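Here come two complexes built around chain A, the first alongside chain B, the second alongside chain C.
Up next is the complex of A and B:
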């Protein structure tokens, strides 16, 4: 069936708008779209979205993570195997993380990573046929925001929720950031790590994030206000 | 085609006795590469060689939507991360780096430097400059 941008689409649908843009200029087709000989076909069920000038993708509800190159993910170290760590990032197989891909690591000077540690890492290689490879440094060899996440609390959510809270238009983090100190790491693999000073604050952040999944922007703001007022009420 | 691009040994050298093995190897390579060109010549058209697509496939959402960096810290929970966040936001807001010295002040001081250089005796830096010109 022929579909437009903004429609609910199903696998097998095609969109002529993408083809018409593609005839003139370069088009970036994101997840859920596939170029065949004569049409651009939809391969996932969801909502067809467009970002100007020429980016198209299908926003679908998904909980199963498929590793993609360049994304940041939260993983748990499962095994030390020779010179690599095996890290579970929620994909179909575990990812490998070389002990040399940490800031300042050498063959003699190994990073301190134990089994069971939570790691925030970037996916360097992701392909259909091989296990994904992680790194904890950027191209300059600096660790930046990557590395081992100590303490804190990890929970899982849908992949959509991660994208929702990280989109610049989402009011969730804006309304929470002035209430109490906390730290957050969101992996594109549907895992969120949070850390706050007290147990009560940590739970509050977690509940606010999980509660925001099906709420509109205004509802998120009121929910955050409610949580903040409950929290201050309990402390005083 | 390939043989013209690559630097190759002269024939006189290859005819020498100790170059026998190298000569054999080069001949074998040449025959192999000749085979590649002719093997699929009837299938591969010129269009296929020069075809380019307007469609760029991307498997990840991060290149479609401009998401925030996934590591955040608020109200001084982790000063290291907050410094990184600040740097990131200043980059995205202005599109250029924040200036320590404003353009006007820089222009004024540069004029002063110019005057000083003309009066001063030629240093080694000046001499190098003149040579280049």
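Up next is the complex of A and C:
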């Protein structure tokens, strides 16, 4: 079926606008779209979105992570195998993380990573035919915010929720950060790591994030206020 | 003729809930009339290397009947569903992985197989796996008087001389899968095919409505 930008699309639909834009300039097609011989076909159910001038993608619901180059992910170290760590990032196979890809690591000076540690890393190589490769440094050799996450609490959620809370227009983190201090790392693989001063505050952050999945911006603000008032009431 | 029939033609009422199970990657529960099926999709997953395929994803379908004991007819249903899904899923995007589809029959009041296929398709849509097209299954029965009944009820199936089930894709409405029981002539089969093809539009519209109602919440 023929669809327009902004419509609800199903796999097998095609959009003429992509072809007409593509005739004039280069088109970027994102997740949920696939070029075949004559048309660009939709492969996922969701809403067809466009960003000017020529980027198209389908916003769809998903829980299972498919690794993608350049995304930050939270993984759990499964195994030490020679000079690499095997890290579970929730994809179809484990990712590899070289011990040299930490800040200041040399052959003699190994980073201290144990099995079971939680790691925040960037995906350097992601291909359907190879296992993904992670790094814990940026291109300048600095660790930035990447590396081992100590203490804290990790929970899973849908990939949409991660995209939602990380989007600049979402008021969730802005409202929460004014209420009480906490640290948060969100992996695009549907895992969130949080750490606050007390257990009660940690659980409150977790519940606020999970509760925000199906709420609108205004509802999120009221929910954050509610949680904050409950929290302060109990502590005092 | 087909067009005229379709104007006031309705399928049995369909009710659906997506994301019914919160632990699986995609799930759907679908009621078509009184027949109810629950499907869960997990994948792409790591599977043992003997069953890995270098070219595409390996599909595994598990059908659990209400009684719980696996029978030969369950194996047949698993095979039909697996082959139907293999055409629908872009398996080449997930090589060396496995996709598991688990089906639980909850109520069977006729037309179990079409309901199962439609429910599987909805669960796949919910899981976010890349698909070539969606599929819609429609059943029809031939009664003793020789009339074709689209989407028959349980009583009509019990008394029918033949039942035919067709699965269509959403792109060109091509036949993906067809299976039938009983005896019938070639002309009857062709007519049943065309009428089911027309009726499949209703199922595709239903999919679109369901996805639209969930997009409003999530998007």
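Here is the rule we use: the second predicted complex is superposed on the first by the 236 of 236 C-alpha atoms of A that agree within 3 Å, B and C clash if a C-alpha of one lies under 4 Å from a C-alpha of the other, contacts with A are read in each partner's own complex, and residues count from 1 in each chain.
Everything that follows uses one rule, which is that contacts are C-beta pairs under 8 Å (C-beta built on N, C-alpha and C of every residue); 3 or more make two chains touch, one makes a residue touch a chain.
This one's a predicted model, so the numbers in the text were calculated from it and none came from an experiment.
Chemist: Quick one: is A:181 in contact with chain B, with chain C, with both, or with neither? Answer first, second, both or neither.
Modeler: Touch status of A:181: first partner only.
Chemist: In the three-chain superposition, say which chain, chain B or chain C, touches more residues of chain A.
Modeler: After superposing on chain A, more of chain A is contacted by B.
Chemist: Answer with first, second, both or neither: which of chain B and chain C does A:75 touch in the superposed model?
Modeler: A:75: touches no partner chain.
Chemist: After superposition on the shared chain, which partner residues are touched by A:132: those of chain B (first), chain C (second), both, or neither?
Modeler: In the superposition, A:132 contacts neither chain B nor chain C.
Chemist: Per the contact definition in the header, classify A:206: touching chain B only (first), chain C only (second), both, or neither.
Modeler: So A:206 meets neither chain B nor chain C here.
Chemist: So, does A:23 touch the first partner chain B, the second partner chain C, both, or neither?
Modeler: A:23 sits against chain B, while chain C stays out of touch.
Chemist: Which of the two partners, first being chain B and second being chain C, lies in contact with A:62: first, second, both, or neither?
Modeler: second
Chemist: Counting only touches as set out at the top, which of chain B and chain C does A:166 meet: first, second, both, neither?
Modeler: A:166: touches chain B, not chain C.
Chemist: Touching A:10, do we find chain B (first), chain C (second), both, or neither?
Modeler: Only chain C; A:10 stays clear of chain B.
Chemist: Report, in rising order, the residues of chain A that make contact with chain B in one complex and with chain C in the other.
Modeler: 34, 66
Chemist: Residues of chain A touching chain B in their complex?
Modeler: Going through chain A, the ones touching chain B are 22-31, 33-35, 40, 49, 51, 55-57, 66, 68-72, 120, 126, 144-146, 162-163, 166-168, 173, 176-178, 180-188, 195-197.
Chemist: Chain A touches which residues of chain C in the complex?
Modeler: 19, 25-26, 42-46, 88, 90, 93-97, 125-134, 169-171, 204, 207-208, 211-212, 214-215, 217-219
Chemist: Show me the residue ranges of chain A that touch chain C in the complex, using the header's touch definition.
Modeler: Going through chain A, the ones touching chain C are 1, 8, 10-13, 32, 34, 41, 43-47, 59-64, 66, 91-94, 128-129, 159-160, 213-214.
Chemist: In the complex of these two chains, what residues of chain B are touching chain A?
Modeler: My answer: residues 53-78, 81, 84.
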